[in-house]
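Take a look at the following structure, please.
Labels for the chains are A, B, C and D, by order of writing; each one numbers its residues from 1.
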């Protein structure tokens, strides 16, 4: 096993990896940009190296600087987390060339699965079902329109080097095709440095169901059941769960076997996820393979009891898998809400600023993976993810109830968040019934419901505002033996970037 | 099921019960003393009623006032939590007489099990093994010395109405007997309002192993496996775990059956715990039955997936148990550390004051049940419990590793805590090997190790102190789009109850 | 004294009778409001009902305008404009004169990069039409027209970085 | 400048060479210390090693005495007395005169109720002998003699409530 690893990431996933390594007695090296000097991952790691200015391109995407930091810190391996360089085959190759271990799949598997067109080709050969679509990338222009017609509208424009929903557009009518291809291409270029896009059949109302796989260096490949990630907004997952409410043990075995076949077909090693679209007639189609740890991995951990990051480290160190397929059980149900700094009532625009107050929920079955902290900042440079709130329950109903309670206890001041939006989803009858697909949010969630809350809550809030503003609220009494309270913040609070405390 | 229940308690357990009820759609009524107006349980409940001044005797032990609050709030049932009135048969009776449901066992079972001498009698009749000892309470005096001689030293003096280790003394020599009986009697009178004590054989180096039972109103009694609570200080549990490292499936079945027999023998209903002493030859002896929810119940919840508070509510509402004995499984391992506001280096004296800073650990498998919050206070009036930190792992080794990491991340300023002490236990080889008994702390834990930390840590701390005090530390940089930092606390911090920030 | 808390088109009229009594909708209630050591955190008990509330005062858009307060309750955020009887009346007298020129401003809701302008000067737009695409955090966000009208001014150019609150264009 | 951090019988000598360099045990190291918005919370990086540290300044026992700092690191608490070279020398000159009368005071370590006195005036006690039993939070705590000597004064009576820091008796 490694003595020391470097984590080429930031935020909650860097913290998550540090904790796993710490439990295994492995020392951790954090890398941080100038904006992250006080970040949780910088403080929690055993070593911390500055890798440049705040913009990702100059720090977390700076391959040379990161490998140099690993050398300086005498790290033996690099864990890329998700995002940033996690699916960058060149980086994986450079790490290996530097004599270090890349904690992830072989560069060729990353490259093959990263090119969505190549991935489709490999999967078709391996007998894994794929959706109809173009075999290769395509330029916006006349040819594209013909192909789209053949496939039949609606079609989906996807970035050839894409992933995570970026650089993706649905096209319903021929006249929208060009504009959408251009937009997708522009987004793809910006996000992945590759403007190439391709076209595939757009399935109406599919579910997004993915299978977690683990593959070691000794030919063992297992799957750890499915995750359902159908609750999406603009192709971005918002709420994920395991198991899926629609997957029966028979279907699980079938999709699981397809995922294992997919992993074998691309020579996969380490933890990966095979994403499928699942239609109303219970057909499933390979969508893509994510060659990294997923954001939503905790729901698998909480229902299988398996620590995925520890498995990644063991696999990368060359250890054979000790878990056999038949050992993988499902215990209860887990749901994850991605808590973002964004304003659902203002078109979900990212909300930046300092976290003035951070009150996180707790209690049985609640896990909150976060990289932020009170006094920390949601900056323009990185993903506006505040935390991943996960609730486990003995069954799906209990998991939903716990999630609702946790969302109600959660409070963040200083930035907007999507907490009320997640609460709204939990309270939506179709969600409670498990009747979800990738159009769930558009079709079932009324943002106006969120804005209004219940009539009673709004009235209580009005009373709170008036009584707090126009009467003199008592400060918490300090009993005998206590410390005299500081001067009232009501008297001393000044204006602070456009906001003052009541 | 109930629509609304009152929780006759405070602190973490009141919060725990509120969360369970909330998940079941049951409204909650908190009661609070003047000292707890801003306490977490007061804020989280749907309703909150003041029940008097800070001293427990005038608030949380005020039966009439609590029942009156339940009437006012239209609660249908009362959950007593643990401590306070939880094992007060008169209170249970008064609740029932007021037409409300007591969420706990029948008054007679509380009364019988509360009188330790009566409990021993019932258990002997039911064929549950008990330790040799007196059949009834005994006065300090000549008679006692004779009995102690017959039983054979060392003997244990125990409060007849006791529980939780209070009013207990070990006596090794005849000349210590009188003084110890007096001390135990005084403590018993103060803690339980009953000075009566009795004598039983003191087992050398036993383990404390207890079985969680659930009994409904329809004659169904099951057990939810054991908890090992051998890590004690002054007869108070400090660290608990499930399962016990020494209990085999066969032994589990045997002790479990004895616990079920014990529950049946006293006509038990609701959740309860049968405590056993377990000696080196694998004999077990009934010690006492706790007729309430235990502090350490989370380790059972985390290894069985069963929410004990929800089961309590369902049983009290008259629902039959839906869990069958064969459904009860063990998944992984859980350890609980009771984090107290106390100073291990100063004889573990309770430490009172305001919580100036409260940084709680998180991550996979970590649960922290707490009733305190930043700005809150550990007062002289109540138990100095800060939180119950619980770590779950796939096996005992992983649970220990996670607990160690969590303890290292935990920080509380304003009061002393036993965090370093718990960490010391986790690092003690005998604990790691599971070789524990009730003398573990005296025999294996060197407090001086805790005081010193490692040489390296001490040196780093010295460097931190000198650099912080004698150089000007940089404040966290605020990046573009952020909020200008407030005036440096280094400049503005004044003296605050004998302490000022560096 | 009577106070008003306004949100969207709703106005709550609340009369404070004493430090622990108020009336709303013609009914009197007791209340107990307490602030924690965290300035935003409050506990409000109304007739025995307990609420955990976080509140922060928002900056008013201009001097002399009524106070704005954000209230966070049970996972929801509400923003109220607070007013008392006297100021409200005063304001109603003068409101006729108040200008509405701000409402046509198309403003960047977050810092980012203008990747594309979707309108030209003089173009007619409907409320909700796209005006510009601003990229922030690797996502393209379409900024839309707040009112119907004509594009009177385009303040930014493509590839320009903008701060939160910057005006991109003006519709009039 | 040389500084001293003292804990128990140990003294660490640390020389600050600049804002980001110090030496200890004859070896030079780089450091980067940063305070978070929480006043007690610091991040200290020494030669690439990262430490999360919480520190608070404790009140000195008397005016003019050196600063005392509590450092919390990896679950451990350390209390240091800080001194610089010049003050340390100065203090050594005058330390001979410093009184030790405080060391015989038996002090209540927490608020509580004196339930029993275990010594009488004039009684000889050894270090660690029980002096009184104080009940706090329903637990009896035996308060012990800090030094060997004779009971010179008993300040409290049984059933008396005491505050933290109150003198119960004096051994001399």
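Definition applied: contacts are C-beta pairs under 8 Å (C-beta built on N, C-alpha and C of every residue); 3 or more make two chains touch, one makes a residue touch a chain.
Chains and their UniProt names: A, B = Acetyl-CoA carboxylase biotin carboxylase subunit; C, D = Acetyl-CoA carboxylase biotin carboxyl carrier protein subunit.
Model, not experiment: these values are computed from the prediction.
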Legend entry - Of A-C and A-D, pair with higher C-beta contact tally: A-C
Inset, instruction - Select the chain at the greatest separation from chain B, using centres from the mean of Cα atoms. - result: C
Legend entry - Separation of chain A from chain D, taking each centre as the mean of its C-alpha atoms, in whole Å: 48
Legend entry - Rounded Å distance, chain C centre to chain D centre (Cα mean): 53
Legend entry - Whole-Å gap separating chain A and chain C, where each centre is the average of the chain's CA atoms: 31
Inset, instruction - Compute the distance, rounded to whole Å, between the mean C-alpha positions of chain A and chain B. - result: 37
Legend entry - Of all residues in chain D, the ones touching two or more other chains: 32, 34, 36-38, 51, 111, 164
Inset, instruction - Mind pulling the residue numbers of chain B that touch at least two other chains? - result: 37-38, 44, 352, 354, 375, 380, 476, 480-481, 486
Inset, instruction - Using the contact definition from the top, classify how the chains connect: line, ring, star, complete or other. - result: other
Legend entry - Interchain pairs in contact, sorted by label: A-B, A-C, A-D, B-C, B-D
Legend entry - Complex interface listing, chain B residues touching chain C: 30, 37-38, 42-49, 72-73, 354, 373-376, 480-481
Legend entry - Interface residues, chain C side, partner chain A - complex: 1, 3, 5, 7-8, 10, 12, 14, 16, 19, 22, 24, 31-42, 44, 46, 51, 53-59, 67, 69, 71-78, 80, 82, 84, 109-112, 115-116, 135-141, 144, 164
Legend entry - Footprint of chain A on chain B - complex, ascending: 15-16, 19-20, 22-25, 34-35, 37-38, 44, 54, 298, 301-302, 305-307, 331-332, 352-354, 360, 362-364, 366-370, 375, 377, 379-381, 394, 398, 401-402, 404-405, 409, 414, 476-484, 486, 496-497
Inset, instruction - Spell out the part of chain B that touches chain D in their complex, as residue ranges. - result: 166, 183, 186-187, 190-191, 234, 343, 346-347, 349-352, 356-357, 359, 380, 382-384, 407-408, 410-411, 413, 416, 419-420, 423, 450-451, 453, 457-476, 485-486, 489-490, 493, 495, 498-502
Inset, instruction - Report the residues of chain D in contact with chain A in the complex, numbered from low to high. - result: 32, 34, 36-38, 43, 45, 48-52, 111, 163-164
